[in-house]
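For reference, chains read A, B and C in written order, and residue numbers begin at 1 within each chain.
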Amino acid sequence: MNDGEAGQTGIKADSAHSQLIAISLSPASPLGPRAFFSSSAALPGGALSLRRLPQAASFYVRTSLDVASCEGHKGHKRLPAWRRTQWLSARMAEHNVRTVLDQDRQSCTGDSAVVLHAHLIMAASVGPAADPGYVSVETRPGGIAIVTVAKEPVNSMDLDMWMRLDQAIAGLEADPSITAVIIVSGLKKDVFSAGNDLMELYAPKTTSERYARFWVAQNAFLVRLHRSRLVTVAAIRGACPAGGCAISLCSDFRIMTPEGSMGLNEVQLGIPVPKFWGLLMGRVMGPKAAEDILLTGRMVLADEAKRVGLVDAVVPAEQLLAVALATAVQACKQPAAARAATKLLLREDFCTAWEAYFPTEPSFGWRFLSSPSTIAVLEGAMRRLSSKGGQKKPQQPAASKL
Amino acid sequence: MNDGEAGQTGIKADSAHSQLIAISLSPASPLGPRAFFSSSAALPGGALSLRRLPQAASFYVRTSLDVASCEGHKGHKRLPAWRRTQWLSARMAEHNVRTVLDQDRQSCTGDSAVVLHAHLIMAASVGPAADPGYVSVETRPGGIAIVTVAKEPVNSMDLDMWMRLDQAIAGLEADPSITAVIIVSGLKKDVFSAGNDLMELYAPKTTSERYARFWVAQNAFLVRLHRSRLVTVAAIRGACPAGGCAISLCSDFRIMTPEGSMGLNEVQLGIPVPKFWGLLMGRVMGPKAAEDILLTGRMVLADEAKRVGLVDAVVPAEQLLAVALATAVQACKQPAAARAATKLLLREDFCTAWEAYFPTEPSFGWRFLSSPSTIAVLEGAMRRLSSKGGQKKPQQPAASKL
Amino acid sequence: MNDGEAGQTGIKADSAHSQLIAISLSPASPLGPRAFFSSSAALPGGALSLRRLPQAASFYVRTSLDVASCEGHKGHKRLPAWRRTQWLSARMAEHNVRTVLDQDRQSCTGDSAVVLHAHLIMAASVGPAADPGYVSVETRPGGIAIVTVAKEPVNSMDLDMWMRLDQAIAGLEADPSITAVIIVSGLKKDVFSAGNDLMELYAPKTTSERYARFWVAQNAFLVRLHRSRLVTVAAIRGACPAGGCAISLCSDFRIMTPEGSMGLNEVQLGIPVPKFWGLLMGRVMGPKAAEDILLTGRMVLADEAKRVGLVDAVVPAEQLLAVALATAVQACKQPAAARAATKLLLREDFCTAWEAYFPTEPSFGWRFLSSPSTIAVLEGAMRRLSSKGGQKKPQQPAASKL
């Protein structure tokens, strides 16, 4: 799916009376096509299906439907235009788009002309990136892949990184020979990731629109990871705050080094913990214990993390990858399709609710990011990071990036 | 509710303008009437009520409504036929059916003729079975009943067994002198149950339609057990995989012998763990700990089961029934109606979601059962079981029936 | 918001074609305006917004909409009147009321005249109470408030007390200098609260309508407490059954004295545990462990309460307030807005579901309260309490008030 293929990618209505919806996809980054489109078609009761999109492509579409008119057989009735907006994960594209239209048809049956407006928020290619850069993928015997993230000095997570991660996992999911993935830091320092790049959150240097794209990109990746068909292991060497913690919580297993620390420390920077990140921690260690940690923004050290169930094991750094690999091998011993289906069944309600929350968060979060107090806190944090040359001390989570 | 009574059982509309819906119930098995029916009536805005059905009867109805026409006072308008399907637990029959129609009326108000098609999936009689067979009921002083299941050699669960269990519990619920029930294995071997009969899952020997009935029958029983007004105790002697584990998880208390083992080991046979069985285990021991066990299909031995909260107590086999009885007596000391209502309130959302999932699972599950790889795994399991003369070793869950 | 201001408080439609809905609020108690109103307006597709209501006012509105007529452009169609009822928390008033009407418009589009009937169940003033009485508020340096409840002999909770508590917390929430609140008993005896006043539950001395108001008042307070922007600490000296336990469970932290005991012991009086009180206990200690306690109505003593996570700390009575203050100070160290937003995000789904349950419970609960067996149990409890001069022994929860 590159620029040249984009013309063949499309949404097509399968009703006999429907018109083809032309979709123009244009690449939004060197990583591959990430496109915005807007299309419409008259669909007299037909169902849409997304065709010719790569199986593993991840994209989120905001749709709205206008019922332009509704004329009865013997009389006439004009419904005022109404619209309904929903974001879909089109990972299971045909199914989901059908669902939406089925629901809509309940309200707009008849001969009404239904005009669909679809707005694609994000799509990630499954092909190899033009420049894989700091996110590298290595495969080991037995179908286990290792994704190494090495963006010096602290793996700060910007829009580009979240999209590279999404592309890496999507690529592995599309490869039938792969059954497990281990995510590991390739940094010189003992840091899994320092969390989101503050420049994505610092209002004077970004926009609410950029923030919305950033927010969807990171959470789209996290949802993908959480319901991945792959066995997923986070191998955590060192500090793992905020966004790094979210990646870990979305994985099936978490292995940490003794020097490690983990937490969603957003509150310390004056930013709310993303709702579903907090709920995810509650699923791992119970809602009350999670709240106690989340509301103070406290980082949990390795020993406590093991005791409260936040990590599965604590092992020395030199054994980290070996234990992660052994964990993956052990987890892969049973029939893969049944295991993946069971995992999906157990997590699907949570992930569906998370995706339904996508359109809500950006405006809510931006209210905090654009407030003078949050801007001041972020400026303080950036000054401290700058004076340390971008370093980050694991035990001082107040200075963490998010 | 036998064949003779079936003519009196019916769905009747309580609107003055409504027509009586005649329902013909015909017995589907020697255990009592299990009927399929299809009926319709013009219901101009009226509400349905299910009448003359035994209080404890358990049945699931798939309904669909057709709005055949809708004519206004001064004009005319014809809505195209639409349908909506919902499965109901008619345990609280009047309430639920009203609800469905109330919702429907929001969409089909007016003078439209609403045609109801109802399709009864399963109904269990509350009377004594013509042949109680291997599921026997004994009552003890203090209103405690013991349901013994003894279908040699391993209590393999087929459609017949799930319906007998449903009938047994329904009968006890309908008897006001009964306040608690203990479910126990009467097998010669140390086996609570080896789980579902593989013949119900082996695609070449069943059909997708039979599987759907089987699936609804087992889960209808499990939901009934989970929200029963009775105090429920599973007394588990020996191996308790899959379906037997589901019965235990739906009970209020689980008492196990030291030789016992418990788990939902479906993944080992290449079949997904039924969604709500897995969620149920998560409610007992936390979602993360449950996932770790479920995704590997691991059986948990007695000591660990006690430690992680999967069972309430581990006691020698010779004390099993005495401890189960004492547990039931203790739990029955408080006012029964308040206790049952509290239990129902705490579990109703879960059970309602579970029932709403009934129509979804069979087609999803059948995709796995009819796949060549699952068929091959089941054939291997059946060969191993056959070579052992139907025996089952608790410590070898890979050979378990489901 | 007093009697004089009530005339300015109103619901106003923001559509150009809408009529102003006049709302007459009249004070219902010396504590401030608690009003019932009924209003209507023709709203051709407009959205309502609640204006000029104090930010912190808590009120619950039961609304119903009548579609009186629906006339099309070229034809005519008359929809029969239908109604839909929903309770709203108007804390985020504008948002919620819009939502309701948006949903309604889906069903009643067109030129129909939509008649809104709104019935305000409870509104609490944010100003100082005319007579604060036995609920006193004291503020400490650092923005920490202490709410002391001292209604001798056992802080029995009647409608008046729940409304005073709601008013006290609402007042603190409206004061930007306050960041935390500690709730403590000022009784002579070691009792946090003996729970609801039996006279509110004893059917011969109350009415179903009074009970409905009582039920909404207490749960409206509890929901407010649970999602309060304030850090909340329950400092529990002595017995803490039922309603007192509910207050504790809604708080962020629970500190208890060694003589303390806690539980939702409703079942012992023949009354179901309120659904969301029970679910709340499940969130703190897990659903299975909570059910075991709830279904027997057992009171948990301090040591066990600490062990199972029902309380955060057990400290001698002379240190109780100091530890509660230290807990509040510690919890307040991080940015308040981010902490409050995170807390709200984590609890909002639970609180929203709880509020949606408000209209359901009163008729359900009244069925129990008006049954001869519950009346007899309550009469026995009142006789025992009367013979002890209103005393309550913590270890005898069967004699507890609710």
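Keep in mind that, in the parts below, a residue touches a chain if its C-beta (ideal position, glycine included) is under 8 Å from a C-beta of that chain, and two chains touch if they have at least 3 such contacts.
Heads up on the chains, UniProt names are A, B, C = Enoyl-CoA delta isomerase 1, mitochondrial.
This is a predicted model, so every value here is computed, not measured.
Over half of interface residue numbers shared between subunit B and subunit C means same, under half means different, so which is it?
different
Taking only the C-alpha atoms, how many degrees of rotation bring subunit A onto subunit B, rounded to the nearest 5?
120
Please report how many Å separate the Cα centroid of subunit B from that of subunit C, as a whole number.
Distance between chain centres, rounded to whole Å: 37 Å.
Going by the touch rule set out above, which residues of subunit B reach two or more other chains?
Counting only residues that touch two or more other chains, subunit B contributes 72, 75-77, 107, 286.
Provide the residue numbers of subunit A that touch subunit C in the complex, in ascending order.
The contact residues of subunit A facing subunit C are 72, 75-80, 82, 107, 266-275, 278-279, 282, 286-291, 294-297, 368, 371, 373-374, 377.
Going by the contact rule set out above, which residues of subunit A touch subunit B in the complex?
72-75, 77, 106, 109-110, 252, 283-286, 309, 330-331, 333-335, 337-339, 341-343, 345-346
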